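There are two complexes below, and they share chain A, which is joined by chain B in the first and by chain C in the second.
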Partner chain A sequence: MADAIASILISGLVLGSLYALMASGLSLVWTTLGIFNFAHGVLMAVGAFFAFQISQSLLPYAWIGLPCLLALVAMIFVGAVFEYVLVRPFYGREDMVMVTIMTTLAGLTFLENGILAIWGPRLKQIGALAPGTLSVGPVHLSWQESLTVLITPFVLAATFLFMQHTQTGRAIRAVGQNRKAAELFGIPVQRMFALTFAISAVLAGLAGMLLGSIRFMTPTMGSDPLVKALIVVIFGGLGSIGGSIGAAYVIGFLEALLVFGVGLYWTPSILFLIMIIVLLVRPQGLFGAAERLTV
Partner chain B sequence: MRAKYLSVIIVFIALVLLPLVVRDNYFRHLFILTFLFATVVASWDLTLGYAGIFNFGHIAFFGIGIYTLGILTTKLGVDPWLALPISGLMTAAAALLVAAPVLRLRGIYVVLVTFAFSQLCMQLVLSQSKITGGAGGLVLIPPLRIGSFSFGGSGGLGYYYAGLLSCFVTVLALMGIVESRLGKAARAIRDNPEYALARGVDQGRTRLIMLVISAIPCGVAGGLYCLYFRIAAPEAFGFSNSTFILSMLLVGGLSTLLGPVAAAFGIVFLSEYLERFPNIEAAKHMALAVIIILVLRFFPGGLAQAFELLARRVAAQRGRNPAISAAPTTAQEQSVP
Partner chain C sequence: MQRLLEVRDLEAGYGAFKVLRGVSFHVERGESVGLFGPNGHGKTTLFETLSGLIRPTAGRVIFEGADITAASPADIVERGLIHVAQGNLLFGRMTVGETLALAAFAKRARAAQVRNRDFVLNLFPRLAERSSQQCRTLSGGERQMLNIGVGLMASPRLMILDEPTLGLSPKLKEVLAIAIKNVADSGVQLLVVEQDVDFLLLLCSRLYLVNHGEIAKTVNVADGGFGYEQVLEDYFGVRNS
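Our next item is the complex of A and B:
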């Protein structure tokens, strides 16, 4: 019994960490730009494949953390380019939310098939940041999983501190709250948009690298986490990054519990059912503020 | 408005006669695909365009239509003719289910819930493999037949007409609905919810009816799709299928009904054309994605609006209506008489 509880806890923490990385990026883009990035899942795959390729061809003998870091730097550019091509042309349009859903979906199609064309459909895996397993009493977990659980709060806290206490972070938040006023204060709005996308791409890429060494990498590896992240942000309220992170861990534990209780097959359906019930009772999400953002 | 109906009927008659001229099986296949997708996008336009409901789960209705027919005919031995209308009814029921959260939410949350719903449908299909065939899907779906004539015979001629009829009936019915009291109420809610409410338009009821109406043709089209291909595969619910059909809608122009139908034709033929070039499937999808982005970038109201602008320019140059070359209006305003 203790084993079962421990494994549910661990798997909940791992899932929650991944979802938190995903959902915080989604929320960040939503609160700043007011668009929903459907390609967020594929950015995860892009990060993982970058890390894979760098470790294969550039740094074959180095510790895997190094290629991962380089890939994260590359993700900054991916995010900025993504914003420049798919989002920037459509600012100020009345139907921007709708159009950017379409363009980010097109970006998803493009990147997913690009990965498929470059790396092929065969399963791949990144090496673990740290091999071996960690045993604490009756609990066994791989170092990779424990690192995932440990790294995530640091990354999220760093993001939070950046947003709260640096000039740039405050500028990003100002742009999200009132774009016109931010412009009047001389904040370079376009650059903040690109930066926001870069940050969210890095978060997604990191999630991809962590997942890519726990499970296998495929071009579509991001679509399942994206759907989970959708459920998370519906739960937590898209407008609040803190709410999203909280909801990510709730959903992670819930999923782990459900997989243990009712099996892998029924889990998505029950998660969805719970989401519907939450929405019927609290349309603003579990942790959302009382008012709902309209588009 | 009458000219619009007339042109739809003329195109219909031309398409009825087309198999007499074009006997190529491959082209017939493309036309069948076009008709089925056109039915789906036209019905999607009713909710996403005219009613302004951010319904991004329409693909789920299509998939539910496919699987209802597949399961009924292969597992329960129901006659395909009976299964087709049941597919429509099942999607209507699904629309009622989706409506429960959708009517309470606004904006982006509607997008998320409807998208999540279509993903859920896929998960259900994948997990309940005893009924749905799982990842392999359902195969050997019996064909439609009248007496001894199978619809699949002579290059799918039967499906050509079945698809054409479903598309034609759907488009005409939707044109009628858009102009009806209900359609006007839906557009009023989209454009000015407070005012519509003040004038006594029941928001929840109107949106609910629109959702259910738009789901039915989509389910029937799904049923026909399943009969034509004789398989039901979980990819129907996937992101790429969703993107493919959604692109027809946005490239064609929202709230124009005929724009998306024309775009369905263009995109189906284009994507098939791209298929013959490189050896890899991936390049086709990438090229389509680029085209979608370019159209959205340079023709904001979709091709329907681009076409309209072109027609006005031609008219202005002929000097019939010199005043008209002024500021362009959106395609949406154009459709309001």
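Our next item is the complex of A and C:
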């Protein structure tokens, strides 16, 4: 029994970390631009495959953390280019939300198939940040899992501090809340949009790299986390990044519990059922501010 | 000596609908200028064109000798032409303190941030009290104070105020009018739209009447008998006694 509880806890924490990284990026783009990025999941795969390729061909003997760091830098450009090509041409259009559903879906297809074309269908894995397992009493977990659980809060806290306490972070929030006023402040709005995409791509890429050494990498490795991140963002309250992070861990634990209780097969449906019930009781989401939906 | 702001034959509008139909006026160095006239005749459009939010279809805007007709809003703010929009709600989920800090976004304003902040909080002690409150919890008057404070944080060379006392109680109106007078006396040049012409007379050396997207009349305050009461009667049908 202690075994089961421990494994549910660990699995919940790992999943929660992953979803928190994904959901915070998704939520950041949503609150700043008011659009939903369907390609957010595949950015996870892009990050993982970048790290894989860099570690294979550039730094074959280096510790895997180094290629991961380089791949994260590359993700800044991926995010900015993504915004420039697929979102920027449509700013100011009344149907921007609809158009960007199409363009981000196009981006998703393009990147997924691009990864498939470049790296092929064979399953891949990147090395663990630290090999081996950690055993505390009856609990066994891999170092990679523990590092995932440990790194994530630091990354999220850094993101949070950046958004709250730097002039650039404030500017990003300002652009999301009142674009015209932000322009009159002299804030370069489009640059903030590009930066928002860059940050969210880095967060997704990091999630991909962490997952890429726990499970196998595939071009579609991000699609399930994206659906979960969407649940998380709605569940946590649209427009609240803090709420998304909290909800990510709640969903992570729920999923771990459900996988143990009812099995992998029924877990997604029951997750959706729980989400629907929560939204019926609290339409603003678990942590969302009520007034956001009425605006 | 070169003028601070020169607007020549400016035309702008929304789609095919032309709101400004060749507006020309100027602001000399050291003076404040007022605009008045009926609502819906292009004053706000004029300001949004000056601040780069709307692209003019014809005409030129020259600020401190530089042509800023096609400049971006960020560039215009950097040059010190600051537009305080009408009834701006700012950022609902940001605190007053954060908003003031963010308002010093331009490079030039960053250097003077501490001095500007002291000036603003001295001018509106209420903002200091509300510093950690979110903007959406502010009253109309406090919001307007914050708007003016935000404009000042940007180190303006010319600050555009679009009906700064609109919709406020007479008492608050007076508080803000006094504050705006203080701002002008401190050396910040203003370009103000107001319905209250008496207030403009106190503040400005020249007034322009904007009507049907054009400058219908220029009033030099120093000349004394300019007949603005006649203008009021013509355009608003009221006699200012």
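Here is the rule we go by: the second predicted complex is superposed on the first by the 291 of 295 C-alpha atoms of A that agree within 3 Å, B and C clash if a C-alpha of one lies under 4 Å from a C-alpha of the other, contacts with A are read in each partner's own complex, and residues count from 1 in each chain.
Everything below uses one rule, namely that a contact is a pair of C-beta atoms (placed from the backbone, for glycine too) under 8 Å apart; a residue touches a chain by one contact, two chains touch by 3 or more.
In this text the structure is predicted, and so the values were computed from the model without any measurement.
Engineer: By the touch definition at the top of the document, which applies to A:Phe160: first (chain B), second (chain C), both, or neither?
Structural biologist: neither
Engineer: Considering only the touch criterion stated at the top, classify A:Gly114 as touching first (chain B), second (chain C), both, or neither.
Structural biologist: Only chain B is touched by A:Gly114; chain C is not.
Engineer: More chain A residues touched by chain B or by chain C?
Structural biologist: B
Engineer: Between chain B and chain C, whom does A:Trp143 touch in the aligned arrangement: first, second, both, or neither?
Structural biologist: After superposition on chain A, A:Trp143 lies in contact with neither partner.
Engineer: Quick check on the superposed pair: does A:Arg173 touch chain B, chain C, both, or neither? Answer first, second, both or neither.
Structural biologist: second
Engineer: What is the contact status of A:Phe216 with respect to chain B (first) and chain C (second): first, second, both, or neither?
Structural biologist: neither
Engineer: Once the structures are superposed on A, label A:Ala181 by its partner contacts, choosing first (chain B), second (chain C), both or neither.
Structural biologist: In the superposed model, A:Ala181 contacts chain C only, not chain B.
Engineer: Applying the touch criterion given at the start, work out whether A:Phe260 contacts chain B, chain C, both or neither, answering first, second, both or neither.
Structural biologist: A:Phe260 sits against neither chain B nor chain C.
Engineer: I'd like to check the shared interface: which positions of chain A are touched by both chain B and chain C across the two complexes?
Structural biologist: Shared contact residues on chain A (touching chain B in one complex, chain C in the other): none at all.
Engineer: For chain A, which residues count as touching chain C in their complex?
Structural biologist: Result: residues 167, 170-171, 173-174, 177-178, 180-188, 289, 291 of chain A touch chain C.
Engineer: Give the list of chain A residues in touch with chain B in this complex.
Structural biologist: Residues of chain A touching chain B: 30, 36, 38, 85-86, 89-90, 93, 95, 97-99, 101-103, 105-110, 112-114, 116-117, 223, 227, 230-231, 233-234, 238, 264-266, 268-269, 272, 275-276, 279-280, 283, 292-295.
Engineer: Within their complex, state which residues of chain C touch chain A.
Structural biologist: 51-53, 72-74, 76-78, 82-85, 88-94, 98, 101-103, 105-106, 109, 136, 150, 154
Engineer: Mind pulling up the chain B residues that touch chain A in the complex?
Structural biologist: 54, 56, 100-101, 104-109, 111-113, 115-117, 119-120, 123-124, 127-128, 239-240, 242-243, 246-247, 250, 254, 280-283, 285-286, 288-290, 292-293, 296-297, 300
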